[in-house]
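Just below sit the structures, each encoded as structure tokens.
In what follows, subunit A forms one complex with subunit B and a second complex with subunit C.
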Partner chain A sequence: MSSNRYIGAIEMGTSKVNVLIGQFELSKSLHIVGFGECQSHGIMKGSVVDAKRAGEAVHAAIAAAEKVAGDIRMEAVYLAQTGAHLDGFYNAGVSSISATDGRVRSGDIERVWALAKAKNLPEDRSVVHQLRRPFRVDGQIVRDPEGIVGEKLEVGCWTVHGQTARLRDNINIIQDFQISVRNLVVSSLASARVVTSPLDRQQGVLVLDIGAGTTDFVLYRDGAVLVTGVLPVGGVHLTNDLSLGLSLGEGEAELMKIRHGRATFAARDRGEKVWVDGSLSLGDRQVSRMAIEQIITARVREIFEVVLKKLGNAFSPETTGAGVVLTGGTAKLDGIADVATAVFGVPARVGEAPAWVEKQELRDPRHSTGLGLLEYILMHERELAGARRSRSGLGGILGTLFGGKK
Partner chain B sequence: MKDGRQFAGPDEPRSWRELSRKTKPRPLSARAKRRRLGRVLRLAFYLGVFAAGAFAAYEVHSYWKRNPNLFRTAKEAKPLREIELNSDGVLDRDWVSGRLRFPEGIALMEVDIDAARVRLEEGGQVETAVLARKFPDVLVVRLRERLPVAKIKGERALMVARDGVVYEGHGYERGMVDGLPFLTGAGIVPGDAGFGKIEGMDVVAELLGTANSGADNLYRSFREVSLARLATDHVLVVKMAEVERVTFGLREDFYRQLARLDLILEELRAKNPGAGIKSVDLSVSGSQVPVLLDESAPAQTDSSQRNQPRFFQQ
Partner chain C sequence: MSVAMNPRELPLVHKLPEDRRVSIKVIGVGNAGAAMVGRMELEGLERVERVIVNTDERALEASPLAGKVLVGAKKTRGLGTGGDPELGAEIAESERELLGNLSKGCSLVFVVAGLGGGTGGSLSPVVAEEAARNGAVVLGFVTTPFTFEGGRRAKQAEESLFALRKKCDAVIPLANDALLQMAASGEGIAETLARSDDWITRGVRSLWAMLFRTGPLVIDFAALRAVFQMRGGRTIYGFANAATLNGAVEALGNCPLALMPEFAKRADRLLVNIRGGGDLSLADVNGAMELLLTQFGRDVHVTVGAVTEEAREDVEVVVLGVSDLGAKARAAVAKPTPARQAAAAPKETLPGTGGGRLPTKRARGGAALVSVNQGELEFGEVDEGRGFFEKTDKNLFEGEDLDVPTFLRRGVKLAQ
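For the complex of A and B:
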């Protein structure tokens, strides 16, 4: 195997398909070498509704990115997942510590984790993530329970699952282009990796990725994922609301949102109007700025309130020390952080891309999922490389021969 | 333990990694069709290369089966019928056959070319031997022989070549051997592979060669050449039929020295016919050559001049 490998990060959104190609060098570092973006077709709210059109859009974006990267071929991709079909549930595993000296052994850890994961799904659903919450020994959170003395060991598992058919559709689109899918990653988890720090996640943070068709969210506590979720509402719905409320065409409504959209009221003069087209052409008309802001504010506030309701008791300002971080294309709306602060009762901010993202175009919040996937790639490929090295050593070989897991 | 990447265990819910690909035809984008076609063509190319290689191997095998002579092994080759000799010296086929001593009926392919070459060269008379098989049953031998420039006294005649190699000579004419001067003053060191090389023979060969070609009358009277003073005094001492000791120096051209010797001998014969000459020293620089006459020779001159070195002016 070459020491340099090309792995892609693909996000198939409602409005855009984004492809980022990372060059993975010597299993240690990752450089962004290609970027392709294409108007999305055949994909609604994260689900493929027209396979052929979706394939054309995705394959065009992949081809563009590969060309930018120097006519390379990607080895595999990490694929972001979103959509209302994604759901999650919590299951706990509890076990008494078996050793006579009361010390936790690796066998106890494996057993309790297996218990936490062992919950069946309906036939038509498949697991996307099984996210471990912190271990507790006799109710106390511990980072690494092995060797700690106690009576009871417990761990929680947040399982993210989705409709098998929809997952398969997404995978098939990539595999149709002769590229393998190495991993599926829920969009919120990917975005959260780039807009939050490990300290944020330790203190507790809620990340909302407000895209065009969906709003993905993830709540962290004690450094681990507590809850994830997806709302089938996003920036497109703001545009639809403007279109219906102001009798505008879809394109005009989108322009209004981009030019004059605000998530909070700023218009002082109720009579202030703005031109729809702004080119002074015949047929152009004016609409109330206040009406625009009212419509958008209402929808944005509704999104946040629905998220808060979905989180339920899992969310509390006391356990969310790092506040709320907003990302995604819709997060660029002026004043959106203020609305989030008002609804959630904790400070909110629009997340920024990390410093290692040098290209200005990629620092836009709409690319946070793709960038997050690249961070995932780096983390996981390093772990895989480390696991391969340990398996290939004598200890690894002996371990495999005598029943070790691969 | 990491989140969500491992495959589902027997008690765990099904993971997305277990999803199998649908097999029924799906609508593909034009790009996907092109890429798939490219992959199929690449696969077809590799299969084609493999098939061509397999077919070529089959054809070679079949051809070999039909024409076994093409790859005949050593055991199936014809026995050696003849040794074809090509030499620049005096050695003949009998000598070569006697030297090689091949067993009766040996196959041509069984002949060890390298061992045969070593056997031919180890005597010393052969400088280089080149052997080649000429199928189906002839061994071609090409020899380059050394030429003797002197000989060494002993129980049997030993030749000395220009490069100092000492060897037993075979096939030389008696007259030629008799005409060679003896080499004295040289330490002959017998070794496992014959005799050791004699140092300084290139100088001797030059003197003898010059004499043989340019002063044949003198060369024919050369009886011995001594290397005793070569290393110390840089001179060669030659015993001639009529001169007991002629000293040749290395600083001057041998041809000039031979010319002077010839002149001196001619003068002496004219002025002192029948007088014996003890020594002529051509190695002394300058125009005068010391000559010592033999005191026991009949005197034709004044007795006061006997045993007095004479100096011939050049």
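For the complex of A and C:
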């Protein structure tokens, strides 16, 4: 195996397909060497509806990225997953500690984890991720339970699953270009890695990635994933609402959204109007600025309200000390953090890209998922390398258990 | 009203006079339908008769109309269905013959109802089916509930709409949510709702004028029927008034009905009826055609009627369009010949065309974004009018379709 490896991060979004190529040196560090983006086709609300057109868009993005990287070929890719078909459930495993001295052994750990991981999925669905909740010994969270004395060991598992056919389709689109898919990563998990710190996740944080087609969310508590979810509503809904409400074409509506769209009200004068085209051309017409804001504010607020409902009891302000972090293209709307704060009852902010992302263009919230995939790749590849070297079977298990979140 | 009512006695069932001159009937079904039809201003239109059908006896009694029919008295004792569509469906089946008698001998039947409850939505498909069997062209005008009325009513309305589209030649659904957008500030709910009466009345009056008045372009029943060859597709309905014909056609684009979420954005077949003053000429109509094709697409098949009314000072244009989407795969429904035809006045015809029709070559443009299994695409299942999401699955959450604009579902009245 060469010391330089090229692994790709691909996000097939509703408005754009993103391909980032990372160069791994000795499985220790990662440089972004290629970036390709192509307007997406055949994808609606995060799901592929026209595989042929989606494939063409993906191909274009891959070709662009590989060219930028110096005409290299990627050996494998990690693929972000979103879409309304994704669902999740929580399962817990509990066991009394078997040893007579009351110390937790590896056997106990394996047993409770097996219990928590157990799943009964319908035939047409497959697991995408299984995310481990912290171990508890006698109700107390412990990072590494081995050797701890107690009576009862518990662990929980959040399983993300999706329609097998759709997952297969997504993989096939990539494999049609002779590139293997090494892993599927839930989009929200990828984005969250980039815009939250380990401290945020320890305090409890809710991350919302509001893209064009979907809003992907993940709620962390005690440093681990509590729930994930996908709401198939995003920036395209904002544009569509404007288009229908103001009788605008799609392009015009998009322009109005970018120019005048806000999540909170600013227009003071009910009669204030703005030009649709704005270039003083013949046939240009005006629309009410307040109407634009009414339409957008209603939709943005609803997105947050629906996510809050979907979270149900899982979310409470007391257990979300780090508040809400927003990312994704739609997070650039003025005032959006204020709306989120009002709905969730905890401080909300728009996330920032980490320092290691140097290219200004990539610091845009639109790219959180792609960047997050790269971070995920690095961590995962490191762990694989580490697990191979580790002598202890337990290290191997913990390696795969952690699989992407710390 | 006396408490001890003999259910076998149905005092409100009139033996409707066999008036063979009556050609158009407007049938209001259920509470909302009956109320709307009762309020419609159709005085002075000969050969148009209004009838209301209901399960609620008290509501019937309160109506000022002469033609009233009570159904289902045995099952409900005249107290209405209480919003139960299954009960409504039972009643509809058992009273099918009676419902069919309402439209005997009619050429054009308007079925008017409010969907979401128990009577209107369940009885209207049967009324429509029987009217079609009697040889009439059947047009449905229905309202759908406000989002705030809850998911159950919305679902019931949707199911009724689905059934109606199969039985009517065309159904025009008017969403209550969209009505709010047109409400003036300070306007009460009653006034807002009365707007749908007005819209339906305009449609009825326009079609009446088209059939019973004369002008440069006459459309008879055969031509009217031909517009609705296939059932089940989405519809467009709009109207506008202006000083000139061109002005009216342009104003169609601003017709508030464009906000109706169920409306199609394109049509395959368009019926355009123009009502102008004595000076309306064929040349005017010709000139307006170009504008029309720009608005509705070059590949739409247009049937134009133009009538002149001496007293009229402005020009009114009413359009009724149907799209074949979803119904294309099915063979055209065999129709009986129309009961009677309006006498055609001597008319000018545009060179190269027959009657009032301006046939245009129709190319099937606009490939669907989604290749849908035709077998799944039942009548009216694909939702146009959701804009960008028209060909995708509904986005249901707690009974609401999230793809429909939020401001519309929440009744946010937009600043103009």
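By our rule, the second predicted complex is superposed on the first by the 389 of 406 C-alpha atoms of A that agree within 3 Å, B and C clash if a C-alpha of one lies under 4 Å from a C-alpha of the other, contacts with A are read in each partner's own complex, and residues count from 1 in each chain.
In this text, contacts are C-beta pairs under 8 Å (C-beta built on N, C-alpha and C of every residue); 3 or more make two chains touch, one makes a residue touch a chain.
Keep in mind the model is a prediction, meaning the values are calculated, not measured.
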item	value
Partner chain(s) touched by A:I72 [first = subunit B, second = subunit C, both, neither]	neither
Comparing the two partners subunit B and subunit C, which touches a greater set of residues in subunit A	B
Which of subunit B and subunit C A:A314 touches, first, second, both or neither	neither
Touching partner for A:V350 - first (subunit B), second (subunit C), both, neither	neither
First (subunit B), second (subunit C), both or neither touched by A:A60	first
First, second, both or neither for A:I148, with subunit B first and subunit C second	neither
Touched partner set for A:A298, first subunit B, second subunit C, both or neither	second
Residues of subunit A at both interfaces, subunit B in one complex, subunit C in the other	none
Interfacial residue positions of subunit A with respect to subunit B in the complex	51-52, 55-56, 58-60, 63, 109-110, 113-114, 117-121, 126-132, 159-162, 164, 167-168, 171-172, 175-178, 183-184, 225, 380, 383
Subunit B - residues contacting subunit A, complex	1-5, 8-9, 11-16, 18-19, 21-22, 26-32, 35-36, 39
Subunit C residues within the subunit A interface of the complex	253-254, 258-259, 261, 369-371, 386-389, 392, 395, 397-398, 402-403, 405-408, 410, 412, 414-416
Subunit C contact footprint on subunit A (complex, rising order)	42, 44-45, 49-50, 84, 232-233, 236-237, 239-241, 243-247, 250, 270-271, 288, 290-291, 294-295, 298-299, 301-302, 306, 309
